[in-house]
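Each of the next two complexes has chain A plus one other chain: chain B in the first, chain C in the second.
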Partner chain A sequence: MNGYTGKILRINLSRAAISTIDTAAYAQWGGGHGMGSAIFFDLVKDKTITGLDPSNVMTIMTSPLTGTLAFGAGSRIELQAIGLQAYPLPWFTRSGIGGRFGAMLKFAGWDGIVIEGASDVPVWIDIRDEDVRIRPCSELSLWGMDTVQCQETIWAFIAGGSRYGDWIQPLKSGNRTTQRPAVLAIGPAGERLIKIASIIHDSGNASGQGGFGAIWGAKKLKAISVIGTGDILVADPKALFEARRWAISQYTFPLDSIDATKSMWATMPSNLRSFPMPLVFWKRPPDSRPQACFGCQAGCRCRYGDAIGNESSCKETGFYQFYKLRHMAANAVGNTIAFLDSIGKKSTAILDELYERMLPITQRRAADIIQRSGINAGEFEKGIPYLRDLNKLGVLGPGKDIDTDLPFDKLGEIEFLERLVEIILNREGIGEDIAEGFTRAAERWGRLEKDLKTGLLNCSYWGLPMHYDPRVSLEWGYGTILGDRDINEHCFNPLYMIPMITTFMGSGPPLPAEEFAHLYTDRMVPFQNDPRMVDFSDDNMYSESVAKLVAWHRRYSRFWKHSALFCDLQYPDFFNWAAPDYKGITGEGEPRFFNAVTGTAMSFADGIELGRKIWNLDNAIWVLQGRHRDMVKFPDYIYDTTSPWWGTFHCPAYRDGTWEYVPIGTRSLDREKFEQFKTLYYRLEGWDTTTGWPTRSTLESLGLGYVADELERDGKIGNPNNGSCEL
Partner chain B sequence: MDDLPALEKDAAERIVREVDFQHRLIAGYVHERAGMMQLALYSLEEVFALLNTAFPQINLGELERWIRTVIGDTALADRVRETVALSENRHQSISRIRDLVGLRLVQCRKACALYTAF
Partner chain C sequence: MPSASISALTPAHKGCAASSTCLTRRNFLKWSGIVIIAVGAGVSPVVGRTRFPICHGYLLVDTKKCQGCMTCMLACALAHEGKHNLSRARIQVVQNPFEKYPDDTFQMQCRQCVVPACVASCPTGALHVDTASGNVRRVDTSLCNGCEQCVTACPYTPSRIVWNAAARLSQKCDLCINTPYWNETGGPSGKKACVELCPMKAIAFTTQVPEQTDTGYRTNLRDKSWAIMGYPTD
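Right, the complex of A and B next:
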């Protein structure tokens, strides 16, 4: 089994028992998410348990590519369990982490970890190659530490006082390594069962969605440390290396001759990232440098001379937007003054102070506060504006209906954030409510219905913060509401971001709309002959073509992204500015890397079909948890209010026989038509259109007859006669 | 740009004030990975900040109305309308309006002697 180590570590915390699962028993799932879902299905007999139940099983899986030089696929792990965050039902869900944990786990000889039960006392797991111990936290006083203190303490325990890069011998009789243990840890938020708690690795790799930090807290599991000194068997190392060189030469910009007009696009998600370019929302100080996950050529994170904000990227770096806003306003006014100065107007003496403030230390500190506490940045990104709006509305504040001493006059400063985190961690006042997540807090405050009607609470699917607007980014919104969490998959973003940005700038998109559409859809097997899959115009929002788009997206992601573990920031790469004809690596690249490592002959289409099987298994689990099509609805504001994207959101559209780019930024969804869309989608998947439950024939055709048996026992198998509908 | 009329302290204080919930201005910005950030803006300074993001999402007609009727700055509102009409694309509109609003904020801060507030 090339690419695999051959065994999965199984740990029962209730019994302090350590055993193994033979990877071969689950290899048909291709690694990562597929394996995790299959193991979860087998081990969790009652799928209706809550996330905090000791019977909840968490899987942490690698892929055959983890720890290898496969382009953009060497680092990731996939975590799965019944979560805590989604509303009204916290679904069986997933979250991924990059960094170096996955590679280190493989080097230690493990394809994944399965965690069952719950310990009576706080523990951590110490993995050194084959040697696995469950240790009490008390010996290192880990319980109560923040995520950074915890990791540093474990590093020191295992590596002593040596410096990074020195040789160490993790086991007395074992091999040596210059590496340090890779640690997953929870902070105080997880320990205190805060439902928006995350699991952190190194400084900024976070498993944010699902409230998995609190799942560990309930299991009294503080950390997992792994250090490995082994290696991974690659079927054809030469082919793997040549594939990497091919990807770099064909699909990335050469570092010595970067075309500035195009290279900015090379950092767009789902586009092979050409060169190290940190994805942070703050101005980088001069003493900083890019940092990458294991084996990645891109490096979308950053480390700083003062170590503040290290490795955080994306949302963690932008969630404290009020500071950014005020800070930017101050900068901008300062720049205006500088402009006035440059044209001979009178200067002022405040410029130095303004430029001092351009170093956004508050934002970097804000990122560190939530990473150390182990809190999900996405909840804060939308939750803090909600608190401010309620404060301005006059219902939240000192002596108000929702009584709190949060210092709104310090909003944007660290004091506000520290106080917010403090009241959540201590479950003090409204902190007790917010500890449940902002949607459940709104429910406790008696505001949920009205605030989801107006959109004041900007949680657009399953009570989770809006990321991309379902009224505009159809594949994102529909994929999320038909699934379990904010999908956070940027596969089709360039489809509307490139036209948006180029139209905004006045240059217009680089390709005619029809060619742009085909660049995507021609590779979307098995639906490749339907370019209208990417026609997001008003007339096509609920069509069978869009149902195919959603189905393809779920399948691609479930296998290539979540199981083979290709990084979302780089795959799928449909449109690539560095390639002469703009045709990215997707379709050819993924199987080329996969097969070089595994020695199999998997085609791109095989991967999509395996993704369909995994998606069906996941849906069956949600149905066993209690899902019915009647629950699959967006909140009222998505139907009743217009999306506020007045910029230049454009996308390819087919109208009156021709393709063109049309604006799509300001619209709402139609309830009835979305219901019809669901029917089309369920029919396409071979599921019962009245319930959304899978049918036996569909499951059996995928080799999931045993799943059908369990659904049938629960009275939740789809009726094959409900496969048609009146449209 | 520099023909916006000068301001007295009272007018300047009114223009830079934070408005209440009912008079907030809904807008947003987009980042190609972090996604869509919808925001309620409560002051002209926050409008200015938003206009400095890479891809501001704001209804420029509504902005003009808000500046005119909520903020009460007719001269600035007139210039916003004029700018939209004369610009060749949205990027140009946004950049020019950002500079106009920035200039107005500088004027206001000078009139209020508020520089130390930064």
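Right, the complex of A and C next:
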């Protein structure tokens, strides 16, 4: 059981009961998501319950690699439960968090936590190695605190009379630590069952999707704190050291070799990170440092001299901008300064002054507001523009059909955001509607069908805000609509980003289109002989090759990314600027780290196949919740309007017998052809093509006969005779 | 080799009553400075009747360059003990995610002190200067009786002596002399796991006695690349 601690913490909040689950019983799933799905399936007998039902079970799982030196896989945890956010049905879903919680949980001796039931009174869970207590929030007045106050209060409680930075002894065992406990906490949004509430860890780590903050709120669970002083066993320490050094030397640029070009490439999502360049959409103040998740080689967040916006990255740094010409101009100035800095030319004081006058730390303050409140930035990113557009249409505002006093003259300023958060938390006026998420708010306002027809409400799959456009990023859109949430997996972004950016810069793509396609597909077992999997051109959008791409992507992610918990920002690493012949670490790196830690002999293909098993189990759960093929469709605007990207994406494409790079970006999906694609996909997975339900033979071939039994009892087992159709 | 007698300097516990013989932090730094000068003049520091040849190597940390990933702690425990354990890492990183830079993160490493209070306090000789291995201040665990006097004698916070509660003995940085779990030779002339694996190159090694300040060795490892990335180098 190297890599695992051997036991999973099981807490029933209804009965205030603490017990353990033997990890070995679920080790076949490889950690993380696989274990979580399997435990959920076993413990939740009625899969049709709502997310707020006390019977809903949340799993918080680590992987064998969590807390180790495994490259880009040392930090993450996987949270799963029936969610609240997706529309029309909130699916069984997932969300991940980085930081240091997972590692600390492992050092405390736990591979995961299973939360069942609901407490009558607000509680928090205090884990100190083996010692686990369910404590009332009233002792520390935690209920009502924001996420920062909550964490700091718990830290002080655990430290007792000691102070962090010195050795403290929070444990009966006598073991000591210098570390603060790692805490997951909800803010006021979660407590008040806001369905876009998140769970926050430290300053900027969030479980955003799914509305999991409100799941905790319904369970009256404010926080989980863990401090660990134990061991994580590694099967082959020397092999782990060597793998880490191999990855650094072969697949990253030396830290002292940075220049503007390398910076751009080596910090792109789904490339192993070489440099600690933050993934933030604001101009970074100079008094800052990079900040990394546990064991990561190149942090993607920052801490600042004024501590405002500490550790926030990506969505939460960019959701509140671009509302006025002044904000757009400020962003342009900020980018200019950053560019001048990156090429070694110091920006002028005038530019800095200009930027500060136009956008004085508004974005960083905005990030802190939602992190403290515990609200999902992704919903605001598309929801605030929706409110703005309704206001401009004269539909929403003071005395309008949708009556609100939101100060739209302050949009882009902190005052607007503060008022918006206030009305949501207090369920005041339209805040009561938005507390359900923007899609359900539109439904309450009688606008959902209309605004999804035009795209005014930019929620492109399952009522969730668009991330990457499914009309262009096929793997993203198809993977999401065939799943449960915005997949937020950047695996294939470099496929269209690298040709696009290099073309824009004038140098052109680094490899001929055919070689570029093979660089990806040659490792995509078991479909490796089909390079057209990554042909995103108009003629290939609904092909069997793209069905294989989607299937491979789901399988890879379900195991290597969500179960073994390799970081999405770094894996899969297909194309790598620092590697010989640009061939990234993927295929070789993942199993090398996994096996060094666990002592097993898992191959890359084994992981993909295990991912297929996990994906099948997840799909079975969705079917038990009520999924049918007929529900698996995009909103009207994805079919009826064209994507606005003007051919800016460049992809390898096969045309008239030759490979070339082609621009894509302005197109829509075809309803009928997408339906045909679904049939191809279901057939590829061995599912009933008329319902999308899994068949017994497919499930049994994966060792999931017991899942087939439950589906059959519910009358939802796929018909094996419906495996073909006329195209 | 001539020796300098510093008989007035009597190592004592941090918890001892205020007395002229206590090795306070301020006194420690003052005496360390004097000793460095003495060493520079070819003099070996002596406490009481004990001679302390200076160590042949020192870890330098640049706390402003640390990204808080704790890779150094993982590497340290793994190289020494074949497993990960934060509480047993001989280098510690402490951070507060809500604090302002640069007060949010600190790396804390053993200084291999020129006047090693830990060595002087050890009643069994377990904590000793290993003259066969570059004068590194080390623990001979077979001699350690678990009295923890070295833990409290260390003038720094947190104590650079790591307490192994399970085995009831002290451990400390040995500059990777005894690291059976990686394929490298450590020690002053070899490789150090934390230095090798720190992804920020925020830990360095020197054979020269470093200049001390109240907050640590005076170290700035932030180079031109750091500036290109937009981080401060001052």
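Note that the second predicted complex is superposed on the first by the 682 of 727 C-alpha atoms of A that agree within 3 Å, B and C clash if a C-alpha of one lies under 4 Å from a C-alpha of the other, contacts with A are read in each partner's own complex, and residues count from 1 in each chain.
Criterion: a contact is a pair of C-beta atoms (placed from the backbone, for glycine too) under 8 Å apart; a residue touches a chain by one contact, two chains touch by 3 or more.
Quantities reported herein were computed from a predicted structural model and do not represent experimental measurements.
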| item | value |
| --- | --- |
| Touched partner set for A:392, first chain B, second chain C, both or neither | first |
| Which superposed partner A:179 touches (first chain B, second chain C, both, neither) | second |
| Which partner, chain B or chain C, touches more chain A residues | C |
| Which of chain B and chain C A:107 touches, first, second, both or neither | second |
| Partner chain in contact with A:721 - chain B first, chain C second, else both or neither | neither |
| First (chain B), second (chain C), both or neither touched by A:287 | second |
| Touching residues (chain side chain B, partner chain A) in the complex | 2, 20-21, 24, 26-28, 30-40, 42, 45-46, 48-53, 55-60, 88-92, 98-99, 102-103, 105-106, 109, 115-116, 118 |
| Chain A to chain B touching residues, read off their complex | 268-269, 279, 281, 314-315, 318, 321, 324-326, 328-337, 339-340, 345, 348, 350, 353-354, 357, 381, 385, 388-389, 392-394, 455, 458, 466-469, 472, 490, 493, 497, 500-501, 503-506, 569, 644-648, 665 |
| Residue ranges of chain C touching chain A (in the complex, touch as defined) | 64-71, 74-75, 78-79, 82-87, 92, 94-102, 104-106, 108, 157-159, 163, 165-166, 181-183, 193, 196-197, 199-201, 223-225, 228-232 |
| List of chain A residues in touch with chain C within their complex | 67-69, 74, 100, 103, 107, 148, 151-152, 164-167, 173-180, 202-204, 228-234, 237-238, 240-242, 244-245, 248, 255-259, 263, 275-277, 284, 286-299, 303-307, 310-311, 338, 341-342, 344 |
